[in-house]
Amino acid sequence: MTLIQTLKHKIGFGTDGLTKRKTVTFGDTTAVSDGRMWSFLSVFVLSIAWYLGSALELVNPIFWPAPSAVWDQFTAISQDGYRNFSLWEHIWASLYRIFVGFALGCLIGIPLGFAMGLSELMRGWFDPIVEFFRPIPPLAFIPLVIIWSGIGERSKILLLFFAALWIMVIAARAGVGSVKLSKIHAAYSLGATKRQILMHVILPNSLPEIFTGMRVAMGICWGTVVAAELVAAESGVGFMIMAASKFLATDIVVLGVIIVGLIGYAIDILMRKLEAKLIPWKGRA
Amino acid sequence: MSDLVVNDVSMVFDTPNGEQVQALHDVSFSLKQGELLSILGPSGCGKSTLLNIIAGFLAPTKGTVALASTELHGPGSDRGMVFQQGALFEWLTVAENISFGPQMKGMPKEKIDETVDHLLQTVGLQDFGDKPIYELSGGMQQRVALARCLANDPDVILMDEPLGALDALTREKMQSLVLKLWKETGKTIILITHSVEEALFLGEKLFVMAPRPGRIKKQYSLPFADAGLTQNPRDIKASPEFISTREEVLSMIWEMEEEIMGLATGTGG
Amino acid sequence: GDKPDTVTVGYFLEWPTANQIAQVEKTYDKVMGVNMEWRAFDSGTAMSAAMASGDVDMAYSQGLVPFTVAVSQGLPITMVGIAVSYAENDNCVVSEKSGITQANAKELEGKKVAVPFGTVAHYKMLKVMSHLNVDSTNIHLLDMAPADSAAAIARGDVAMACGWGGALRRMKAYGDVLMSAEDQEKIGIRVFDVISVNNKFAKKHPELVTQFLKVTNDSNSSFLQNPEKYQPVIAKASGLNLDDSNQVLALFDFPLKDAQLSSDWMGGTVQSYTKEVADFFVLHKQIPKALPDYSASIDSSFYQKVD
Amino acid sequence: MTLIQTLKHKIGFGTDGLTKRKTVTFGDTTAVSDGRMWSFLSVFVLSIAWYLGSALELVNPIFWPAPSAVWDQFTAISQDGYRNFSLWEHIWASLYRIFVGFALGCLIGIPLGFAMGLSELMRGWFDPIVEFFRPIPPLAFIPLVIIWSGIGERSKILLLFFAALWIMVIAARAGVGSVKLSKIHAAYSLGATKRQILMHVILPNSLPEIFTGMRVAMGICWGTVVAAELVAAESGVGFMIMAASKFLATDIVVLGVIIVGLIGYAIDILMRKLEAKLIPWKGRA
Amino acid sequence: MSDLVVNDVSMVFDTPNGEQVQALHDVSFSLKQGELLSILGPSGCGKSTLLNIIAGFLAPTKGTVALASTELHGPGSDRGMVFQQGALFEWLTVAENISFGPQMKGMPKEKIDETVDHLLQTVGLQDFGDKPIYELSGGMQQRVALARCLANDPDVILMDEPLGALDALTREKMQSLVLKLWKETGKTIILITHSVEEALFLGEKLFVMAPRPGRIKKQYSLPFADAGLTQNPRDIKASPEFISTREEVLSMIWEMEEEIMGLATGTGG
C-alpha cells in the first residue's frame, strides 16, 4: 500500500493529502503539481508525430529531417567525424573556448567587482566603463575582435571573455554589497584584520551571488560561442551547424541543435549541483 | 438568526509516504450570531485548518459546518476573511481594495461609493481613500483589510492572526478597533491569535486547542471583551483576574509546546 | 633577423592551386627551413584582418579587391606576386525562375542579390551592373558568403548570387551566369588573386619571402609541364574530388616569373588596374578614399630575386 | 551653506553624516558611495587618452579609430546614410525586428506561462518542450530558420520570437506561482468568480515578474538582433557593423558598437522607468 | 578592574540636506566590572548609536569612552558583540564560528579546541559542534553567537536586541541562559531590548532613553536579575512589584512613542 502510493506520487498520479481536500483549486498554485503523467504523454505524442510525419513523407526532409536520418548522422559523425574533426573534437572545441573565456572573465571580473564594491575610488572609476560596455552584446564586437586578434582561437576566447566579464563584475559587486554590516562588525570585534575580513568574511559571504553570476555567465557564454562559431571557425558545434546548413544538410543541423540543447542543459544541471554542494547555505541564511 | 454550527468535524491528511495526520478530531461547537470567539493553541494544533474548513476552502473528512441552518460547501461572501498581512491587493488603492467585493458582484457605482465612504470613516482612514496600499503602515493596512471584509456585509468574520505582524502599540490600538467594530456591526467573529493577552482581551469565548489530534482542550467564557468596550484596556490587562487567567492559559500552552519540542528535537531553544 | 620557427600562410579551401604540390610535399618547409602553417580562410577580407593582427604572415591567393580595400584603408601589407588568374571561376548566376538575362537586367532593380561584400565578385557585379545600365543602389544587396548564397538561390530567396569555386558550381545548378568572363574581359574586368605579405614580416625576413616565391614558381612550372601527374595531388589538398578539381584548374592560369614581371602584370598593368578598382569603389561609396598611387604597395623586387 | 552642501553631495564630494563618523569603513558597503567625482575623472582621462593616442598616432586607426574619425562618420552617415539606408533607418530596422519578435514572444509566452502555472495538464504537457528549447541559444537556430523561412525579415523576427518566448513563458509561470494563496482566498471570500480571480488578482499580481521577464527578454533580443543581422541583412545596426568590417572601416564599426551600446542602455532605462510607472508597488508588497 | 566609563558623549549627524540630528546628547555613565545594564527606549532614541560608539564603530562628536582607564578608539576584541541574528557566518560550522576569534589571532590549535569544547558545553550545544549554522533553530543560533563572543574572553559584552527575533518560549529560555553566563563569567554586559519585561528581568541597572535629543531619561536599579539566578522566572514576572514597575516603564515609553508618532503622521496605527 505504502509502496504503491509512493510510486503513484513519484510518477505524478497521486496528489498530496492537502490538495485532495481542497474545494477550490483554480488560482491555488500550490495545488498545481508537476503533472509528470502529462509530460510522458506529451513526449510520447510528439515522438510519434515526428516519426509518422516523416514516414508518411508529410514534410520535406529539407525542412525537417526524419528521426532516423538524425540518428544515422549521429552514428556516422560520431564514428567518422565531420569536416576533419570528430564529433567529440567539435564539442570539445566549443567547450574549451567557453571554459577559457569564462575562466578569464571570472579571473578579472571577480577581483574587479570586489574592488568596486569595497572602494569608492574603484567604484567611481570603473562605473562608467562597466555601464558603457555592459549593454553591448558581445557579438557586436565580432568585427572589431577579428581586426584586433584575427580569426583564431584567441578572438573567440576574447569574445567569450567579454561576454562573461561584465556579468561577473556585477555579480561580485552585488556579492560584496550583500554582506550584512553586522557580520563585518562582529568580525572586527573578534579581532580580525582587514585582510582577514576580506578573505574570511567578504569572500565566502559573496559566494552565492558569484555563483549565480557564474551560472548566468555560463548560459550567455554558451549562446555566444555557438554564434561566434557561425562566423569564422573550423571546428566547434556552432561551426558544424553552420557548415551543414550551407549544404542544406538539415539532419546535421538538427543534430547539432539537439547537441547544443543537451550540452546547455547539462552545463546548467552541473552548475546547480555544484552550487548545492559548495554553497549549501544559499537561501537559508 | 445566522448561527454557526460546527458539528463533529474531523480532518485527516494523507502524507506522501502513506501515513496519516489527524489535523482535527471530532471538533464540535456552535456560535450564536454576534459572538466573538478567540482561539489559542501551539503551532500545528489545527487552528488554521479549522478556520479554512469554516471558510469553505477545505472539505473536512468527517462532519459538517452550517451557517443559518444551511450546510456549507465551498467559500462564499457570507464569510469574510482577514489574514495576517499581504492579502490586500497592492495594485489597487485603499478605496478600490475596499470596494473589491461589491465590484465583483456588480453593485451599482453609487452604492459602492457610499459603502466605501462609510467604511473609510468607520476604520478611521477617511483621508486615505486614494492612497496606494503600499504607502500605508502595517496597522493601517489591517484597517483596510477589515473594511474590505465588511464591505460585503458577511455574517461571519474569520481572522487568522490578523494582528500578528504589528508592533505592540499599534496592536493595542487595533484590538480596540476590533472590539468597536464587533459592537457596532454585531458580526460573529472567530479570531486566531498566538498572543494570550490578545485572546483573553478580545474573546467573549476562548478555545484553547491541543495538537495530535487537533482538538479543543479547554473552553472559557470571559468578561474582558465586554469590559473593554467601556474601560481602559491597560487597566483591564493589569487587573489581578486578567493576570491569573493569563498565567493559567500561558502555562497550559507552554506545557503543550514543550511537549511538542521535546518530541521534535533533543535540545530545546 | 632571427629566423622564425613557423611561418603562417592563409589560403582558401576548395581552391585548387598549383602550389599545393609544394604544400603537400613540404617543399616550402625544406627550402625555407621553417614550419609552414597553412590556415584556411573563407574571405580575403578576413586574411587582411588576420595579417593586420599579426596572426598571419602571408596570404596566398588573396583576392585583388580585399587587397585593394586593405591598402586603401592603410593596412600595412604589400603585394609581392600574382597567385592565380581566373575569370570564369568567379561570377554571378541569375536564378532560372527570375527569367533575367543581360537584355532585361534592369529587372534586377528591387530584387535581392547575394554577394560577398568587399570581394572581387562584389567589384565585378557592380561593374557589370553599371555596364548594363542597372542602378545598383536600387538592388537589395545582401552580404553573404558564397556557400550561403548557393543555398539562398537554391531556395529561391535571391534573384542573383555571386561567388566562386565550389559554391559557384552549385549556383549554376539553379541558373545561368549573367555575363561570361570573356565578355567581362572586354569591358576591362580582370580577375586575379595576389600573394600578399605583412610589411613587418617582409622587412624582417625578405629572404623567406623570396624563397616562398621561388618554391611557388617552381611548383607552377612543374604543374604546367606535367598536369596529369599532379592533378590528383592538388585535388586531394584542396578538398575537392578529382573531376571538380580539374574543372576548376582548367579555368586557372598560374603566370610564371617572366610573365609576372612583364608589363602585363606587375610591370605596370596591375598598378594601374588596382588604382582603377579603388577609384571605382570610392565612386560607389564602398570605401571613403583611394590612394593617389598604389605602386608603393606592389613590390616586384622579391620576385626579381627569384632564380 | 545648505545649498553648497547639497551640491557637494550631488556631485559626489560630500559623504553622509553617518559615514563621516565611522571609524572602520573597509568592508562596510553602506559607506561606499557612488564616487561620482572619480567617474568624471575616469571619463575625462580616458577621453584624453583616446584623443592623444590617435593624435600622436600611437595606434593604427585600423585597430582603433581617432575620435574625430568616429564623429565624422557619425555626421556623414546621419546625413547621407550608409548603404542606401539612413542611419535612422538602420536603427529603426533593428528596433522594428525586436519589437515585433518581442511582442509575439509576449503574446504567446504570457498566456502559455499562465496556463502552465494554473493547470496541471498544461504544465505537464509543455514542461518537456520548454525545458528542451530553453537552453538552446536562439542563434543556433539561424541555419534552420533560414531553411524554413529564408533570409528575409520573417526569419529574423522568428529568431527574436524564439529568444523572447521561453523567457516570457518562464516569467509568466513564475508570476502565477508568486500569487499568495491568502490573496486568492480573500478574493473567493469576497465573492469573485474564477474568471474575475484570473483578471483581477492573478494577472495584476504577476505583473512584476512579467515585467522583469520583459526586461531580460529585451536585453537578449537586442543581443540577438545584432547577431542575426551579421548573417544576411541589408539594413540594421548589426548589418552596418558587419558590412563596414568587410572594408576595414573601423571607424564605422566603432560608431556602430557605440550606437548599439547606447540604444541597449536606453532601452533598459526606458523599461525601468516604465516599470516604476506601471508597477509602483513592486518590491514594496 | 575593567570599569567602563562613558563620559559626556554626544553624537550629531549631518543629514544630506544640511540639517543636523542630535542622536545623543551629553550621555555619561559608568559601569563597574560585572554589572549588567539593560537599555530601553522608543525607536530612534539612539540606543544603537550609543552601543556602536562603545563598540568603537562610531566616533562621537564629543566626549570619550574609556575601558579600564584606557580611552577607546575603534573596535577591539576586548568588547564582544551579539547582534539580533544573521551575524553568524553561515559558511562555517558551529565550532568554526565559535573559534573564529581565536583563529584570527592565531591561537594554537589545541587551545582553540579546548576553548570551543568548553563553550559548547556552557551554552548547551555539545552535540552540535559539526552542524552547519543554517540547520540550527533561531534560539540555538543565538547560543552560538554568545559562545563566539565569549571565545575571545572580552571584558564587556554588547548586545543589540539579541533575543528580538525569537518566539516567546525560546526567548524565556535564552533569558535564563544570559543570566547564567553573566553569573559564571562575571562579564560586564550592556543589553538593548524592546521588551520591557526582558529589560526588567535581566537588568541589574536599567536606563530608559528618550529621543530628540537622545538621552538617558530615567535610571533604575533592579533586584530581579539577582533573584532570577535562583527563583522561577515565571514567579518573578508575576510578582506585584515586577508588574507595577513594568506598568510604570510601559506607560513612559508609550507616551514617548505616541508623541513621536503624533509628530510623524496625523493618524496613528
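Chains here go by letter, A, B, C, D and E, matching the order in which they are written, and residues are numbered from 1 within each.
Note that a residue touches a chain if its C-beta (ideal position, glycine included) is under 8 Å from a C-beta of that chain, and two chains touch if they have at least 3 such contacts.
All figures in this text were calculated on a predicted structure; none of them were measured in a lab.
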Kindly list the shared contact partners of subunit A and subunit B, in label order. D, E
Two chains joined by the most C-beta pairs in contact, as defined above: A-D
Chain centre separation (subunit C, subunit D; CA means) in Å: 41
Taking each chain's centre as its mean C-alpha position, how far apart are subunit B and subunit C in Å? 85
Roughly how many whole angstrom separate the Cα centroids of subunit A and subunit D? 19
For subunit B, which residues are shared contacts with two or more other chains? 57, 75
Return the residues of subunit C touching two or more other chains; collapse runs of consecutive numbers into ranges. 49, 52, 148, 151
Subunit A residues counted as touching two or more neighbouring chains: 24, 146-148, 187-188, 201, 245, 248
Chain pairs that touch, by label, are A-B, A-C, A-D, A-E, B-D, B-E, C-D, D-E
Considering the complex alone, what residue numbers of subunit D touch subunit A? 12, 24, 26-30, 32-39, 41-43, 46, 62-63, 117-121, 123-129, 131-133, 135-144, 146-148, 176-177, 179, 181, 184, 187-188, 194, 197-198, 201-202, 219, 222-224, 226-227, 230-231, 238, 241-242, 244-245, 248, 250, 253-254, 256-257, 260-261, 264-265, 267-268
What does subunit E use to touch subunit A in their complex? 55, 57, 75-77, 79-81, 83-84, 86-91, 100-101, 104-105, 132-134, 148-149, 151-152, 154
Give every residue of subunit C touching subunit A within the complex, in rising order. 39-42, 46, 49-50, 52-56, 145, 147-148, 150-151, 154
Flag every residue of subunit E that touches subunit D in the complex, lowest number first. 11-18, 20-21, 56-61, 73-75
Considering only the defined contacts, which subunit D positions touch subunit E in the complex? 1-2, 5-6, 9, 14, 16-18, 20-24
